[in-house]
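Okay, so chain A shows up in both of these, paired with chain B first and chain C after.
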Partner chain A sequence: MSKKNETNFLYAVAKIKAIENRLLDKSKIERMLDAYTPEDALKVITEADYGYSVSEVSDAHIYEVLLEEEMQKTIKLLSDISPQKEIFDIFMQKNDYHNVKVLLKAEFLGIEKDENLVETGAIELRKMKMSVKERSFIDFPPILRQAINDSLDTFGRTNDPQSIDLILDQACYKQMLESAKSLNNDFVTGLVKALIDTVNIKMFMRLRALKKNWDFAQRVLLKGGSIDTDVYINNLESPVDSVIELLRYTSYGNVCESGIEDFKNTGSVAALEKLCDNYIMGYVKKAKYLSMGMAPLIAYYVAKETEIKNVRIVMTGKINKLPNEQIKERLRDLYV
Partner chain B sequence: MANKLNVNPTRMVLTNLKRRLKVARRGHKLLKDKRDELMKKFLEIVRQNKEMREKVEEMLQKAHSSFVMARAVTPTEIIEEALMFPKKKISLEVSTKNIMSVDVPVLSFNTEGDSNDIGDIYPYGFATTSGELDVAIATFSEVVPYMLRLAELEKSAQLLAEEIEKTRRRVNALEYVMIPNLNETIKYINMKLDENERGNLTRLMKVKDMMLEQARQKG
Partner chain C sequence: MEFILQNLNAQTGSFLAILGAAFGFFLAAMGSSKGVGLAGEAAAGVVSEDPGKFVPCMVLQAMPSTQAIYGFIITIMILGKINANLSLEHGFILLFAALPIGFVGFLSAIYQGRVAAAGINMVAKRPEEMVKGIILASMVEVFAIFALLISILLINNVG
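For the complex of A and B:
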């Protein structure tokens, strides 16, 4: 990318740097954890200006709404200040695929499930609904079009709802990678590759736990990561220790080592999932000290996403009265 | 004090009542045996029920806590999407079994479709969901047969309890009302008949006396 393009982002990056400070930091999260009731915990995020609607909140259960609004707000802000809107496509396309899944499943079940749709797709929701209903996907990106046709075909033959998810997930990450590549930015491509790798590692461990065969694994594992899917497939049945050994010398060595170690002891992938998220956070943190280019914007988006995840973990924990240690165990690293 | 029945104190009624008393005694004994046996079965079922309930509750607890964790790390709409289209269908069959002439339900379920792959209960893709959801779903699906068994036991216990109550009421009615009443009435009729007998006897003696008197006067 040329120097000129990099400087295009100067204003946006400066603005993001200013806003970044408003992300919830450790002490705010601590305050939420120490809150006596879920309502008190919620106060922390309403004070941080979450969502659009409410200043006075009586019911802690509306936090989901707040979180969704906050996501929309973030996307709006970022696309407002970014000189190049497409850079967020990689994240928004994920929501397109989610919406397609919901729409297809709802159609096959003969029900309406509009509350499961998300607004923040790259394709406008209304248009998406119309297109899926009328089966006219001309305006859709080719990968999405192909994936929808594939899932319609496969579901028609097998009646297996899982195949819809599998095909669309596969396509989703393919699409993300493609969009990332078209941006011609190493940071973004690297991020998507890291996402694919971490998702694959997580899924790999789950596939092992569920004792799935390689045929199924082939359909599930995402292609295009820095670790080839064959590596996983060939080791689907090898002992855990050799899996750790196998991944030790990739960049995910640390993640795998302690994550899989924990899996061995507890049989739960929770720790691994957390470490994977932390790895991604570690990756985007590299952009913290950049003052040019699109990287800080992307990093801010990921930071916000993680923050929302953390808030959700705390709120769910508080509402269900889980002990603080159990909540803390699952909290992801923060950007600030 | 039991009340006597409102009957005519005749010999025929007496025989009838005696027959009824015999039947009532027999019925009482039979019902008492039935009650005891029911009680035994009931206690057995209740014990099983308690064990089963504890087990189910423990499993549900586990499933719920993994589900809460899965919800915590995944946005609601993704969870909803993941679970909106179930992969497996099960059909439930209800038949009945006879315990001491009480019809208790027997539930059995069949998984439709390919049941070879037991692990194949996950209707969602793995890329967007959390591993904790797998655990929750697996536990939920594991708990289904136990929940059915629990439903079976609880319904059986309930039906047996009703039957026990009914039987006990009958036993008590026989023991404290019917049999004493019959006894009382039989006693009453017996006394009445004896009384009549004595009345007759005295009347006869009186007549005899009178006749003797008349004969003496004539003679």
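For the complex of A and C:
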């Protein structure tokens, strides 16, 4: 992006830097962990001004409402102050695809699953519901429209709800990458590529564990990442150590080495997932020292998303009375 | 014929000097406007969230305005040298004397504005480090001061 454009973001970036001070830091997360009851833990996030309906939430079990509201609040804040609204499309479009998946699957399985829908899509939820019901996708973006038609078609032939997920996920990241490229900003394109790579690495390990065949892998693995899908497909059946060796000299070397090692020992991808999230956080942390351009705004979004993920981990841990060490193990790196 | 040429020379000398006076100020002031504007946007962002940081933000915002003041000084000095018998040679000297503060002032003010904006972002995070932000922005100021000195030395060539 040209320098001229960069200075358009001065106001927004400075405002975000001031707002970043209010992100939950280590000590606040510690306070949540040290709380005896879930209600006490919830107090920390209500103090941090989470959501809109703070005063009405007294029962710790409905903290999800707060988290959802907080996400909406964040998106509203960012698109209010950003001189270029479309920079958050990459995240909001992801929610569109999620909504479409939920709506289509709910319809085919004949159930109502409204609680899984998210309000923070690029397409308004009410309109989305209507469009899916009436099968009119005229004003949807072309990639989304194509993907919906493909998945309806495939489902009609195979009756396999999983095919909806596969096609829409594939299209979702294609759309994200396209939106990122249209912004012409290296930071954002790099972020989407890193997201694709981390999804692929996780997927790759699951595919191996489930002993899926090449054909299936071809459909599942996302295209457009910095590591080509062929690398995964060719190594689908090679031993774990050679996979680690292969990825060691990419930027994901660290993630793979300890994540896959853990996977080998425990058979769970939890550690790998955490490392992948931390990798993304490490990537966006680069924006911490930038004072102009869109990167700090994107980074704030990712930071908030991670914060909400952490709050969810702590809250579910507290409600299920897990020991603090176990909760801590799952927590993601913070931005601040 | 000779009389006309001499007469023309005298007027061209003044003309060139006035051109220099205008250049020196308008370039430097344009740079300052841009620089203060950049820093001001960042300052507004921080103050909108935290009104208590107005003072440090304002101090940093004002830093790129000095270039316009330097340009102003040079313009006044050049205008002081202009008289009816200014030779063509002196006219040229005064024109070129204005260029250092004009161009250096223009660029340094913009870059200082960027540093000031970054400093304002720093103040948003760590208000106690304001002085460091000011020092960083002053580094850019040094070049504008050099330019001012050179411009003054050049003007002094005209007796």
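The rule is short, and it goes like this: the second predicted complex is superposed on the first by the 334 of 336 C-alpha atoms of A that agree within 3 Å, B and C clash if a C-alpha of one lies under 4 Å from a C-alpha of the other, contacts with A are read in each partner's own complex, and residues count from 1 in each chain.
What we mean here is this: contacts are C-beta pairs under 8 Å (C-beta built on N, C-alpha and C of every residue); 3 or more make two chains touch, one makes a residue touch a chain.
Note that the coordinates shown come from a computational prediction; the quantities given were computed from them, not determined experimentally.
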State whether chain B and chain C clash or fit side by side on chain A once the two structures are superposed.
-> fit
Return first, second, both or neither, reflecting whether A:199 touches chain B, chain C, both chains, or no partner chain.
-> first
Please name the chain, chain B or chain C, that touches the greater number of residues in chain A.
-> B
Looking at the overlay, what does A:98 touch: chain B (first), chain C (second), both, or neither?
-> first
Vertex chain A; arms to chain B and chain C (CA centroids, nearest 10 degrees) = 160
Using the superposition on chain A described above, determine whether A:33 touches chain B (first), chain C (second), both, or neither.
-> neither
Does the superposition put A:291 against chain B (first), chain C (second), both, or neither?
-> second
Would you sort A:23 into first (chain B), second (chain C), both or neither based on which partner it touches?
-> neither
Please indicate which partner A:152 is in contact with in the superposed arrangement: first for chain B, second for chain C, both, or neither.
-> neither
Would you sort A:116 into first (chain B), second (chain C), both or neither based on which partner it touches?
-> first
In whole Å, how close do chain B and chain C get at the C-alpha level once superposed?
-> 30
Across the complex, what residues on chain A touch chain B?
-> 64, 67-68, 98, 101-102, 105-106, 108-109, 113, 115-118, 160-162, 164-166, 168-170, 172-173, 199, 202-203, 205-207, 209-212, 220, 222, 268-270, 272-273, 309, 312-313, 316-317, 320, 322, 330
Can you name the residues of chain B that touch chain A in the complex?
-> 68-69, 71-73, 75-78, 80-82, 84-87, 119, 122-128, 130-132, 134-135
Could you pull out which chain C residues touch chain A in their complex?
-> 38, 41-46, 48-50, 53, 114, 117-118, 120-121, 124-125
The residues of chain A that touch chain C in their complex are 7, 10-21, 81, 291-292
